[in-house]
Amino acid sequence: MTAMTLAQALNSAMDVMLARDDNVLLMGEDIGYFGGVFRCTEGLQKKYGPGRVLDTPLSEGGIVGAAIGMGVYGLRPVVEIQFADYSYPAFDQLASEAARLRYRSAGEFWAPLTVRTPYGGGIFGGQTHSQSPEALFTHVCGLKTVIPSNPYDAKGLLISSIEADDPIIFLEPKRLYAGPFDGHHDRPAASWDGHPHSEVPDGHYRVPLGKAKIARPGNAVTVLAFGTMVHVAMAAAADSGVDAEVIDLRTLIPLDIDTVAASVKKTGRCVIVHEATLTCGYGAELAALVQQHCFFHLEAPIGRVAGWDTPYPYAFEWDYFPGPKRIGAALVKAMDAKAW
Amino acid sequence: MTQAHSAPSDQPGRPALSLHIPEPKFRPGQKPDFGGLRISKPGEIPRPPIDVAPHDIRDLADGVIRVLDDEGRAVGPWDPGLSATDLRRALRFMMTTRSYDDRMLRAQRQGKTSFYIKCTGEEAIGVGQSLALAAGDMMFPTYRQPGLLIARDWSLYDMACQVFANAGDRMKGRQLPVLYSVPQEGFFTISGNLATQFIQAVGWAMASAYKGDHRIAAGWIGDGATAEGDFHYALTFAAVYRAPVILNVVNNQWAISTFQGFAGGENATFAARAIGYGLPGLRVDGNDILAVVAVTRWAAERARANLGATVIELVTYRAAAHSTSDDPTRYRPADEWEHWPLGDPIVRTKQHLIARGDWTEARQVQLAAEVEDEVQGAVKKAETLGVLGKGAQHRPETMFEDVYKEMPPHLKRQREEFEGGR
Amino acid sequence: MTAMTLAQALNSAMDVMLARDDNVLLMGEDIGYFGGVFRCTEGLQKKYGPGRVLDTPLSEGGIVGAAIGMGVYGLRPVVEIQFADYSYPAFDQLASEAARLRYRSAGEFWAPLTVRTPYGGGIFGGQTHSQSPEALFTHVCGLKTVIPSNPYDAKGLLISSIEADDPIIFLEPKRLYAGPFDGHHDRPAASWDGHPHSEVPDGHYRVPLGKAKIARPGNAVTVLAFGTMVHVAMAAAADSGVDAEVIDLRTLIPLDIDTVAASVKKTGRCVIVHEATLTCGYGAELAALVQQHCFFHLEAPIGRVAGWDTPYPYAFEWDYFPGPKRIGAALVKAMDAKAW
Amino acid sequence: MTQAHSAPSDQPGRPALSLHIPEPKFRPGQKPDFGGLRISKPGEIPRPPIDVAPHDIRDLADGVIRVLDDEGRAVGPWDPGLSATDLRRALRFMMTTRSYDDRMLRAQRQGKTSFYIKCTGEEAIGVGQSLALAAGDMMFPTYRQPGLLIARDWSLYDMACQVFANAGDRMKGRQLPVLYSVPQEGFFTISGNLATQFIQAVGWAMASAYKGDHRIAAGWIGDGATAEGDFHYALTFAAVYRAPVILNVVNNQWAISTFQGFAGGENATFAARAIGYGLPGLRVDGNDILAVVAVTRWAAERARANLGATVIELVTYRAAAHSTSDDPTRYRPADEWEHWPLGDPIVRTKQHLIARGDWTEARQVQLAAEVEDEVQGAVKKAETLGVLGKGAQHRPETMFEDVYKEMPPHLKRQREEFEGGR
């Protein structure tokens, strides 16, 4: 066990997999000699060589397309897209190819590809370094979408993703790389030091895909969250005094609907939180599923707290970011059906 | 409204700008005449050693490498020296390809499938390149190279089952007709999305190099699809990592109704694209089986010797409609192919074999009959099993399989719903 | 007034706009000399010349990128993407550029672009000619998404779209080009002849963006649909005998939530229908909004009938397509809360 | 599991394939020595007429067009013959650019903004090309060409307000610092997504040609970003429609930590990319203001004469960090720039002016002080108005505006919710 930041835990997952499996290789812009703009691959090229930790052309579509070919050969490429906002040039290769190979060839070809990419706000990245595009991927059948919220899960989920034979979109909450940010941007930045989930086994272990986790047990209202928002939701519960049960989804596709439905049936109330723009965000699917599975248990409308339906405005980071105050208000409102 | 401030400027004495719109030479009703087309003479283009510096052979992108002359003789340094046996096999495969195409087109007309794509006039490409590659090499084709499979003696029955989407279709009715997938022969699952396979071929080749393997990859793309980003990704990655891959551009003059000028073919050849990446670009008569084999071998040797990728432009003509959904008489003279100066690859191969003394008209007639029988037998057998919507079919609930390696809970629930609702 | 098919009505809209406004031009693969693979631009190049009805390189990203530049110049380009499945290579230009220009320049630059593209199944197009990617666009703020269901609306909505100063994704239900297909694939194909909405004014008129229409009034259950599914839902209502109120959304973004909520408040029940894959489809957003706006009126869970979460399998067109039978069953189920 | 059938093949006597990984010449701790770099001599490259056939000037893509020699004299056919006044203006603008960069970097260090990008060492490009273009022409830049604006005497105060995202920021705090937008000067809103502007520039130029206008467009892209699809789209569309556009590749050797070899620069120049599209490709010393002006004028003349697009590779060196988020000493020698053989564009311009007798060291000192004052005045004024998060700001509820031309109902509701929740 070693205390690790989320970035270090990801680095450790890749290190473990590079050491165990010759077929694993890393590719991405600035990930090799430099170690990545968020330092997630630091030291790995030195350890495994420039042929296994590849710097690449600045070409997301090319990187993903080449990685698919490598996957077809039999390798397990782990690709980094420098920011999730830059996944769009690769959208065709992801949605039409990575996601479809197995289906269209009836299982004869596939590409076991993992696409790591930092997403979300909180770092004054402006509109092209802050997006949360998960719902664009969760709508594409054939892709799995994974989002960790802490170092322990991050390593275990990344190892499971690299070992999986399906293409995985692995979204990394960039605001959590260095510490468990809970949305209180006016307080000193927290570090992972001493956080219970920052104790990470040094070797190989898995956190299974498709299983949610109760991050905070509670009885009053269920909060569905993932990535950074898990921490913000917990802060909102603490600040507002509402006894929320916060569920960390960890995997969006496939979704652990059983854990979600059991909690909402218990609490009778539900608030969904994400940073992505509200309309057609992943929260829409969650709301649709929750009302379907828990209709007769719901005592108030399902609330959604999300990014506004605007690009992420650089200077108004904290007006845009769904912080503890907004989430807290939604919790309070969820407790009072008459408030709707 | 600041954008609108920018009013057109008037500059006296200057010509007004105008937009150039490419126009094909001939439209329906006009008489095709390809006299203006610059084509090298057979045997004219030198054959450089495989370790030549790409910069030194830039000019090869402007010529057309040809071996067969008008009398059917093999001339010049690119003659691959194929044996009579090999050539007769190539002829047979080309004829099989054409015969299969014709039969499947008829089947489509009879409603046995909804859709079909022929490769008429381009048979030398699939067949010749397949023969020039080694077993184990990986091919990333488009829908226009069934010859790659046929030249590996792959089962026509298996192919026809795919087209009919019957119970024998290994792809379980999931793909449009002709989008074959044959891992056994190193034939990658064809995508309906154009161009994507080109960079994937480079990735596969990179993986092979990464593993210290000996196998190389080859990708195909149409003249039209070169305008997609994947084409640029492929040449970039192939150049940067010196990937052992052959990047083939099949310039059959048309992309559905759009002539190759709209892909940039008016201003430079497609082979010339290679130059800007420091790759060798060869241009070859795609209807000359000897030239196709020779050029492909050259590129394969280069790749196997760790010298990197080659771009090959195969100059040919799409003789048939784009697909059964298309009517080419709307946009080009119906007889344009007959005027195509590079002829018919099958006729030319036959002529060469006869000129060599290795073939006769009588044997040709005999072979045609044999091929016809073989094709008919295989297609009949597939038809008997089932055609689109009739006869033996895959169970529809198989459509929920293979989205993922293991079926996740939400798809199991949907499959149940589907089964409950029938 | 002339009787037109949906394809002819679209042609007429472009004809009217080319005639009225010099700044309008058309671009796309095979749309010029040939008139488009679905014949929507037939005759227009002949009438307006190859410089106004442009054949283009086979490059969706290039077409959209160039059209954005033209829009910035001051033109109103109308782009055709040959099939909606091929919009992905243009996704970056659409989501990062067309949708964002106005915002990032605070209104100084914009591109009044209309992207027409045929979507949906019913023609045995297999997985790459049958997709319904609307939810990928409705999640991108800055884009508007429009889907007509009949010739009259098609022309009026397309004119409104071309005249709009926002970038519009205009999805055309390809199975409706020639006739009002209601999902009964085993019956003779219907034609637009004699259909009330096939009488189309010859000149200029608008159907406003952002306004839904009640396609079939009813009291028992509200059905939310668009494009082809409007007709299929009406057939399902007729077949099942459930007195459904079928709402034709016409514009997905911005959504006419008032019409939707009023109807659901009246019926107390709601079924949502689309061809796109279920998970994270536009129906998820509709369900989330309906439960939010109509929570206290709902008498049963909101149902969703959609494409299965698989690619569109070529040979199983009618097993995949959400036909009248499946929708009818959902209507019946919506009437019986105990069935859930 | 059919995919796994493909086992690596063993071919005795053949070398195993291996993957080539580009490596920059020098890494931290090593001594840079650019002796091996092939650079043409000043004045050496001929200047063809603007209506030359692109094919005939393929070689220009391999050389480096230079005008200023080591003594600061202007030599050869590309000398644009700038007046002393024009040159002094250019010098001033370059110095202003550098001074502004330095001051804004300090402001970033002081926490007045979160982020900044310098263009140190590349000032001749923005300034020279801006001066070579006409008013009304439309520029589609990257973040690395503030000189385009500064050379149009655009307000430094306006630019600084954007960087500080204060109430004077016309972009209302919506964009990262330095992503300026100035429609008044034909300066397109800079995108955070690389490369997208390149094909947009072509589209704008097509529109100008469509309208019979006289204005042309110019786009800029970095060496790294040439690997994106948009680069290929731009060259394809520019060639097909002969669009009046200048396509500039700023090869500053680095893309963040990645040297230009990973963009394909090891095997061919970026100017050579033009060849495959039938476009002229010129390569120019980007640190030589005279050469930059001359080459840009040549391309502009060509475009205005309806002869179509030109690709220009501007060879330079990114002297500073990629951005304030970057630390280049991690991946290249800290003193690499000092060894860069093409020198410092400001020093070279000054040297030339002095060699001409149009300038003195004393006047240089004087100008530096003037520039400093001007920059300081403008930035101070902007700072006084407000800096990131302090002082006069736009109201946060403005963030709901401009998503659409008119605010749709759902955004109005969200704005209300926002206002209610504060």
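First chain written, first letter: the chains are A, B, C and D, and each begins at residue 1.
The rule is short, and it goes like this: a residue touches a chain if its C-beta (ideal position, glycine included) is under 8 Å from a C-beta of that chain, and two chains touch if they have at least 3 such contacts.
Since the model is a prediction, treat every value here as computed from it, not as a measurement.
Participant: From the C-alpha centres, identify the chain that is farthest from chain C.
Facilitator: Centre of mass proxy via C-alpha means gives D as farthest from chain C.
Participant: For chain B versus chain D, what separation do you get between their C-alpha means, in angstrom?
Facilitator: Centre-to-centre distance between chain B and chain D: 40 Å.
Participant: Where the centres are mean C-alpha positions, what is the separation of chain A from chain C, in Å?
Facilitator: That gives a centre separation of 31 Å.
Participant: Nearest whole angstrom, what separates the Cα centre of chain A from the Cα centre of chain D?
Facilitator: Spacing between the chain centres: roughly 35 Å.
Participant: Which chain C residues reach two or more other chains?
Facilitator: In chain C, the residues touching two or more other chains are 51, 56-57, 59, 61-62, 72-74, 85, 88-89, 92, 96, 100, 103-104, 107-110, 127-128, 141-142, 253, 279, 309-311.
Participant: Could you say which residues in chain B touch two or more other chains, in rising order?
Facilitator: 2-3, 6, 19, 21, 138, 172, 174-175, 179, 183, 191, 193, 206, 208, 210-211, 227-230, 232-233, 236, 240, 262-264, 403, 410
Participant: Can you tell me, using the touch rule above, whether these chains form a line, ring, star, complete graph or other shape?
Facilitator: complete
Participant: Over in the complex, which chain C residues touch chain A? Could you list them?
Facilitator: Those residues of chain C that touch chain A are 85, 88-89, 91-92, 95-96, 100, 103-104, 127-128, 135-136, 138-139, 141-142, 253, 276-277, 279-285, 287-288, 291-292, 295-296, 298, 300-304, 309-311, 337, 340.
Participant: Considering only the defined contacts, which chain C positions touch chain B in the complex?
Facilitator: Going by the criterion above, the answer is residues 29-30, 33-35, 37, 50-51, 54-62, 72-74, 85-86, 88-89, 107-110, 124-129, 278-279, 308-311, 313-316, 319-320, 325-326, 329.
Participant: In the complex of these two chains, what residues of chain C are touching chain D?
Facilitator: Within the complex, chain C contacts chain D at residues 25, 51-52, 56-57, 59, 61-62, 65-75, 89, 92-93, 96-97, 100-110, 141-142, 144, 164-166, 210, 253-255, 257.
Participant: Which residues of chain B touch chain C in the complex?
Facilitator: Chain B reaches chain C through residues 2-4, 6, 19, 21, 23, 27, 114-115, 165, 169, 172-176, 179, 191-194, 224-229, 255-258, 262-264, 325, 330-331, 388-389, 393-394, 396, 399-400, 403, 410-411, 414, 418, 421.
Participant: For the complex, which residues does chain D have touching chain C?
Facilitator: Within the complex, chain D touches chain C at residues 138, 140, 170-172, 174-175, 179, 181, 183, 188-189, 191, 193, 196, 198-208, 210-211, 217, 229-230, 232-234, 236-237, 240, 401-405, 408-410.
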